[in-house]
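First subunit A sits with subunit B, and in the next complex the same chain sits with subunit C.
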Partner chain A sequence: MIDAAVEFSGVTKRYKYFTLDHIDLKLPAGYIMGFVGANGAGKSTTLRILMGLVHQDAGYVNVLGHAMPQDQATAKRDIGFVSEDMRLYGAATLEWHMRFVRSIYPRWDNGYANELLRRFDLKAQQKIKGMSHGQRVKAALILALARRPRLLVLDEPTTGLDPIARREVLGELMAVLADEERTVLFSSHNTLEVEQISDQVTFIDRGRILESSDKETFLDRWRRLRLVLPPNTRLPGLPGIVKVDGSSRLPVITTNRFEPAMMAACTEVGVSVQAVDVMTLEEIFIASVQNQREGGAL
Partner chain B sequence: MNIAMVGRLIWKDWYLNRAGILASLIGGVATLALIAAMHDSQVALIMGMIVLVTILIGMGAVVMLSAASERRQMTLPFVMSLPISYWEYTISKIAGGLLIFFALWVPLVAAIVATILLTPGIPHGLIPFVLIMAVEILMTTCLITVVAVTTESHAWTVASAQVGGLSLNAIGWSIVRLPQIGGWMRSATVRWSGTATTLLLAELALIVLMLGVTFLVQARKKDFL
Partner chain C sequence: METSIVISQTDGRPIYLQIMEQIRQRVVLGDWKPGEQIPSIRAMAIALQISVITVKRAYLELEREGVIVTQHGKGSIVASDPDLGSRLYDKEFEEHLRQAVRIGALLGLTEEEIVERLRQAAAQLEMEES
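== the complex of A and B ==
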């Protein structure tokens, strides 16, 4: 049994105008990780390095016990990969693609493929060029899922999908969650999707990992505190302050190290806590990125 | 190397290009039949040869454009998500493309030689020239292969096909002026010369060099998407 399905250690990739900078990342087997970043943050480059399609300049990548990119051919026997920029052969039917992939993967599950066809309302005999974008994404997902991979890597698969198609795709991914042996790495700039399906969350911005932990820890650690400061009172020294908004009398502080004891600390110095707001993953992501870009430490 | 996987990728390319392969094969056979039927006409012979050369070069270019198309049509991420290395992908593209070309080139060249030998009125002295030019067409296909696989660019592949076509004319025109080739073309018997052997060996050496350069360039690549 491999503890980490995916492990990056000090991975660096330099381009003329972009550097993926010392990426350290660990995804335990059986977990779903949401990999969140703005456009151009380095998500696709990271996932391509994971797949062995881009070679890192420095650092070590291990996927399902295989060193990448050297062992990519062996590692990819157990990986299903779908990316936003992936297309199937337009002149061929989905059935032809299914036969082609089935001939390569001995674990191909025909029953599951047919079930997915029905759930996604796709016709196997239809040519890919006659499908809508949403249908093509679903077709690519069938080809990736029915091979029963141990690791599923999805690079922004829902980009460009209408709300109905997005819901169907996300629904299927949630069903995949039921299989505890399968690991999923799912990149997106849509934090709502990541919040829905992930149990691990990693933020990346400008080629650097900002934070990486389990989703509950993320959501528990980040809070927005609405305070009321009496005249001539200073803000108490609270841990993990990422941002201070509002006025000097009614400050709103964002912290990434929230503990209930913080409220008592405020009360002790005469500061009243008007509200403690739970933050959404999107709010946390934006605060995290802004803090990083302004030179703060997380 | 995973030979089974390379074989599946070659089969895929054959399947996706099957219409072009079949059309070229039918066109080639039909042209040969016309040459044989109109063996008294030198114009028909020359025109027929031009059509055959065009079919062969066109087929090579079409096959290799499919290599360049993988990136443009964004099917490369799908192929590269399969359990293969980029090395195996490169082998499948080169071997698959050349096999498709050979499927057409070998029977057509054999049929051209047979037509010359069996049709009354066509001088057998043409055979060395035909073989040199046939290998020259193979060399042009290899040039297109090298460019298509290493650049994965439609523009460069089309440009290399044009350069190959022009070179073919220039080389054909030049070797006809060699006394040991052009001078013996109207001979009733096949007259093989040292010049013909040297030219054939030079062409084969260039083919090996071009394919070697392709693998060298591909081995040094670090980004495949």
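== the complex of A and C ==
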């Protein structure tokens, strides 16, 4: 594997009512990271710092071997960025935008752009102002993808899209990864899509990273155990307990450090394990945010 | 190669396990023959629209089971083991038995009762088939 495409180390940015607090992130080249957080958690600020659009107060950011924000001019040649508030010029056609981007980026791939137009069912002659929200998102995505950037950064690309458009967009993100040198970082509140297509998952809440690791290890660590306690028995000490629900005789335990040995530890003290449930990324995200907000340590 | 693998969001099992099971089935049924090239990890991920790391995990575990062989830079092939088919059937049988015992235990059945129920099921099946 090559170096990290994106690396954040101790990145901090203070605003009057919000602080992005010591962000550490590492995304290896060739993979796709889903960046998950509630509204106002700090996703967009983090992505803007990555792009050099916002300058951090402290900490170090490296993108494709370039220090940000110092080397942003060079770095941006290899980064495609799509965000909600990046407005296209309403009175101009998509074709006008395509020609404009092409004049700036010599690597523009016209064949690929036309293929994307067809797959996204868009007309190059159409003016941006006549487009629906979904069409605008897809138009912006064409402008970013056809440059064939080494890193694609997308701020909530699928928010507000219908299921068909979302599928088309996710499909194109996946297609980018056919090339092992290309990397994708996207933010989303849709945990289902993040769970589906991401190799790396990062959770952010209130300006802090809660979790950042490869998805398989991550999903493997979290389990919900449904136990049955005989009368007058106490719960055995288990690692990584994030939450205990249920009744005293029928506790439901959520752990983020699951290992099969836990089951044996329960049986040993007479506690029977009724079920070990796999958790969805959504359930994990909610448990993780609640745990953090209640002051628990992860 | 057409993957024809289907991922279910409502299956409840991790996706890598679903992939493993379906690849095993293809090998058992002879759809994918010993020595035959199977889709690369990235090609499979893109075709199924699931993450590369998930497919990688499924392939790694299948390799550990001896179902496939991955050669660096050359992709993966179905292992050319003459007993592979029957070994996989055996493994699947084992899985089903474990599942039956697990559910039996949930119902509060003793070991003897589970064995007895298995005998009854065999007798029932025999009757239906004659």
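What we mean here is this: the second predicted complex is superposed on the first by the 296 of 298 C-alpha atoms of A that agree within 3 Å, B and C clash if a C-alpha of one lies under 4 Å from a C-alpha of the other, contacts with A are read in each partner's own complex, and residues count from 1 in each chain.
One rule holds in what follows: a contact is a pair of C-beta atoms (placed from the backbone, for glycine too) under 8 Å apart; a residue touches a chain by one contact, two chains touch by 3 or more.
Model, not experiment: these values are computed from the prediction.
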Clash or fit (per the criteria above) of subunit B with subunit C on subunit A: fit
First (subunit B), second (subunit C), both or neither touched by A:140: first
Partner chain in contact with A:109 - subunit B first, subunit C second, else both or neither: neither
Partner chain in contact with A:283 - subunit B first, subunit C second, else both or neither: neither
Touched partner set for A:77, first subunit B, second subunit C, both or neither: first
Partner chain in contact with A:172 - subunit B first, subunit C second, else both or neither: neither
Angle, in degrees and to the nearest 10, that opens at subunit A between the C-alpha centres of subunit B and subunit C: 150
Superposed model, subunit A: greater residue contact from subunit B or subunit C: B
First (subunit B), second (subunit C), both or neither touched by A:92: first
Which of subunit B and subunit C A:274 touches, first, second, both or neither: second
After superposition on chain A, the shortest CA separation from subunit B to subunit C (Å): 27
Touching residues on subunit A, where the partner in the complex is subunit B: 48, 51-55, 72-74, 76-77, 79-83, 85-92, 96, 100-101, 103-104, 140, 144
Residue ranges of subunit A touching subunit C (in the complex, touch as defined): 30-32, 167, 170-171, 174-175, 177-178, 180, 192, 196-200, 214-216, 219, 274-275, 278
Complex contact set, residues of subunit B against subunit A: 2, 5, 8, 12, 15-16, 73-75, 77-78, 80-86, 88, 222-225
Footprint of subunit A on subunit C - complex, ascending: 9, 12-14, 16, 42-43, 45-46, 49-54, 57, 106
